[in-house]
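The following pair of complexes shares a single chain, chain A, combined with chain B in the former and chain C in the latter.
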Partner chain A sequence: MSARIATWWTILRICLEERLVYRGDFALGTLMRFLPIVTQIFLWYAIFEARGSSALAGYSYEEFVAYYLLTMVSRAFSSMPGLASGITRQIRDGEIKKYLIQPVDMLGFLFLSRFAHKIAYYSVAIGPFALVFFLCRGYFHNLPAEAATHSPATAAAFAASLVMSFVLGFYLEASLGLIGFWWLEVSSLLFVYMLFNFFLSGHMFPLDMLPQPWRAIFDAIPLKYLAYYPAAVFLGKVKHADLAIDLCVQFAWVVFFIGLSRFMFQRGLKRYSGFGG
Partner chain B sequence: MEGMQYLRVFLTFARNSLIRDMTFRANFILESIASLCWMLGNLGFYALIFTHTPYIGRDSGWGQYEFFVFLSTTMFVNSLVQTFFMANVDEFSELIRTGGLDFALLKPIDTQFVISLRKIDWSSLVNFFAGAGLLVISLHKLSVRPDNPLHVSPTMVALYFIYMLCGVAILYSLMIGLSATSIWLGRNQTLYDFWFYITNFSRYPMEIYSGTWGRPLRWVFTFAVPVLVVVNVPARILAQPLRPNSSLSFSLAAFAIVATVASLLGSRWIFNRALLSYRSASS
Partner chain C sequence: MSIIELCGLSKSYRVYQKQEGLLASLRGLFRREYRDVHAVRGIDLRVEQGEFVAFLGPNGAGKTTTLKLLSGVISPSGGEARVMGHVPWKRENAYRRRFALVMGQKNQLWWDLPAQESFRLHQQIYRIAPEQFARTRDELTGMLGIGNLLRQPVRELSLGERMKMELTAALLHSPDVLFLDEPTIGLDVVAQHKIQQFLKYYQQHRQITILLTSHYMKDVAALCRRVVVIAKGRIEYNGSLNGIIDSFSGHKVVTLQFATDQSSAGLERFGQIVEDQPPRAKLRVERSALTRTLAAILAQYAVEDVVVEDPPLEEVIASLFTQVERDSGAEAQAASGTDSADASTAGVA
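On to the complex of A and B.
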């Protein structure tokens, strides 16, 4: 056991050091990523102005802006740039042979390296994030009593949903990448996934805005846990019993995708013929 | 006569790109569908917004179909930029890094011309046609509405296309100007991202930038980096010809011409200056 922990620790440390090489580019890039939110803030201000500033889908203007800022946080946890395409490339080029001949589990190794990547990312990104949230602190003043700013229980649920969104995001993308065992080229599939992720995860707008039956459909698929759900929890939009149920559903999705990716990996290895490399 | 030769070279580029695209036909169709889906997702998002509000901005006149005219203008401009310039300019910094630019410099033809138009991405043109469809539908809806119907005159259409091309020219100048700086900087991935984020400001009517923070932003993105006039001026000509403050629109339209000429000349100057500092990499 201690040997295994030592292995994990080494993997984690190597990946951390690798990541921190480009920290200047990192920090600038993170700050840039907030720029589209500036236009969103102005857009929604104009919309609320035209409506006579009544609440929209249960959100006040301030809550709208807070929502967008919070989805940036959830996406900082759940987004896995290059994970699926990396896995497919490794399968195609035969690079995954290195996991097969070494006593290292591929999914575990990738998970740890993502974990290290995220830690490195947060340690740099916390600066730009803190700056933006500080500048926008006014939008968080009038939140209801259920919001994470007032209720420790909501704050805990928010933290739990964020951690799970990381794990869910990882195993969901890993499952997509493992399709590479069956199809050699999955880039068009990944584009479709990105498209769905962009519009259905709540990255563009709070899903509460949708009319039925769309609302029910969007609720049933796991993508909402990648952006919408943690933000909605923070703002106190998910109440009492629903909160507990939804967290359990999120957990169930996490377990499902862990199981699915393990299963796909096992089955894929049987087909794998190790070209190239 | 020289113009004719450039036209012939351009047509050769266009034909070669089309041949290449048609070689991988399934990929071409997939790419077309992908950019169409992206557009439909955006359209759905705005349709959703207009189920919650009659206008974007109080008294701005940007109702649903006025905004859809705006949106189709965005699609025209973006698809033209993507079809003709995006892939080429994207590759430009790569050419600098690898030293491949040598081959472009050796050709007995204007370097900026070769660099900018070498490859034409025909699949991006699908959004141009989708935009045309959306434009026709929106204009029809606007011209048959009972109160204050819109009359589209041939002059308006002509002006619309001229200003749309001005918009394309402004965006192209920004792109080529930014990527030419990679001769000095080596690698400019963040700079290229920066271009992407700046054009983000061109996507909405300029009225939304108001108030203490909005006004300076509007000023910067109109006069310093003229991305706001790219879509706003043509879209306004078609969608809002009868706005009360038409004198403002007139001066804005005059300014758009100045901005186009200035951007083209400015980017040409930057491009040539940057070439002077080019030291070929190993090739």
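On to the complex of A and C.
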């Protein structure tokens, strides 16, 4: 076991070192993540101004801003830029061979690699994140008693849902990338996925704004756990009684996608032709 | 028991056949034609511990596919293989810790990091004890003359330096079997020679088993006693390097140095003249008639010096490949003549 931990640590350390090679690109990529949130805040400010009312579908303007800030956090955990397309490219170009001939698990290796990327990202982004949340602290003042700011149980559930959103995001995108064993090129599929992800994960608007039956449909698919759910938990939009069940469902989705990606990997290898020389 | 055993090993691929033009591309959206490519057709082979075997064959002969099968990168369509008692495509860690594959055209090191980081990762992945790791790394990098480049990012190394690093990475865990796929491709003669010398020394010293594919006959001649010629997915020859010339070349090359006033006129009676630069001439003579022909030449011409050589290996191999291509072409033609349901066009999807 200690040998395995030493291997994980080495993979993590090397991935971290690799991430820090291109300093300029890394810094720019990290800081630019904050730009979209500004446009979202201005957009909803304009909508509220035009409507002239203080609430929209149960959300005040302050809650909207707080929601977007929190989805920014959950997406920082769950988004996996370049993962699916990278897996497909490795299959197509033959780079995947190195994982097959060495005593290493490819999905485990990529998971640690992504974990390292996230650590590198958070360690730089934590400053700007703290500054943004400090400047926007006024938007978090009037949260209900069930919100994470008041309830340790909600704060713990928020943390758990964030961690699971990272694992879910990884294995969901890995499964998409592994379609490359069958299709070789999945860029169009990824485009469609990104489009759905943008709307159905709650990145665009809080999903509980939707009327039935859309709400029930969106609730039944796993994308909501990538952005909406952690934010809703933090804001106290999920009742304490429902937290445990919801987290279990999220966990079940995590297990499902781990199983699916493992299954696809094994099946894919059976039909893999060792492309790329 | 042999360290590598192949029995009826075969691998076929289904390859999309696209016709030229936009219309064909649009048609391809709904209906596609595929062709079965038989990359490896029922290979039987045994390799003993400590052998250095070369796989020779033209492009597309099935050499690399065989190495991919043996290293577990792909699964076969039929047949069996065991390497050190393991079935390669089961990809057991116990097997993967005992072999290495180096591909001349593929980089396995971390591109943006110094090679020493990749080596460190290999140490952990292959569970190499720290002292053994340091000793092996220093020994290998010392032999290859790359000890001073360990801290330089891989992307900034020359092709030759990179290949030496790849070899070092592959040998850190002291594999018992090494698969080399064109390790000297694209290298200059100095780097080629250095790698040849290294492989020769390492293999003799450690007695590991090496399977090598290369298009450079110098690699093969310098390193391998045994040669397996593969063409069209089949083994066409399996034996010593010299045996190829004996088996596939029916002639010898005779170089004659005449006395200065002697003309070479009439020499064509004895064989095909390859070169005629008086007072020197070179001709190709039937192997079976060599003694008789030489006696006749020496009786009729004033010859100062005679050299009898085998034809160049490259020439023999090239004619062997051509012969195999011709035979398989004729075979395919005969098959399509007798069987209209030719297997080459497998289906439409």
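Basically, the second predicted complex is superposed on the first by the 259 of 277 C-alpha atoms of A that agree within 3 Å, B and C clash if a C-alpha of one lies under 4 Å from a C-alpha of the other, contacts with A are read in each partner's own complex, and residues count from 1 in each chain.
We take it that a contact is a pair of C-beta atoms (placed from the backbone, for glycine too) under 8 Å apart; a residue touches a chain by one contact, two chains touch by 3 or more.
Since we're looking at a predicted model, the values are computed, not measured.
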Touched partner set for A:104, first chain B, second chain C, both or neither: second
Contacts of A:14 with chain B and chain C, given as first, second, both or neither: second
First (chain B), second (chain C), both or neither touched by A:270: second
First (chain B), second (chain C), both or neither touched by A:210: first
Which of chain B and chain C A:183 touches, first, second, both or neither: neither
Chain B versus chain C as contact partner of A:94, first or second or both or neither: second
Of chain A, residues touching chain C in the complex: 3, 6-7, 10-11, 14, 17-18, 21-22, 94-95, 97-98, 100-104, 269-270, 272-274, 276-277
Complex contacts: residues of chain B adjacent to chain A: 30, 34, 37-38, 41, 44-45, 48-49, 51-58, 60, 189-190, 193-194, 197-198, 200-201, 203-204, 207-211, 214, 217
Residues of chain C defined as touching chain A within the complex: 13, 64-65, 68, 71-75, 91, 93, 96-97, 99-101, 103, 105-106, 108, 110, 112-113, 117-118, 120-127, 153
For the chain A and chain B complex, residues of the former touching the latter: 25, 28-29, 32, 35-36, 38-39, 42-43, 45-47, 49-51, 56-57, 188, 191-192, 195, 198-199, 204-205, 209-211
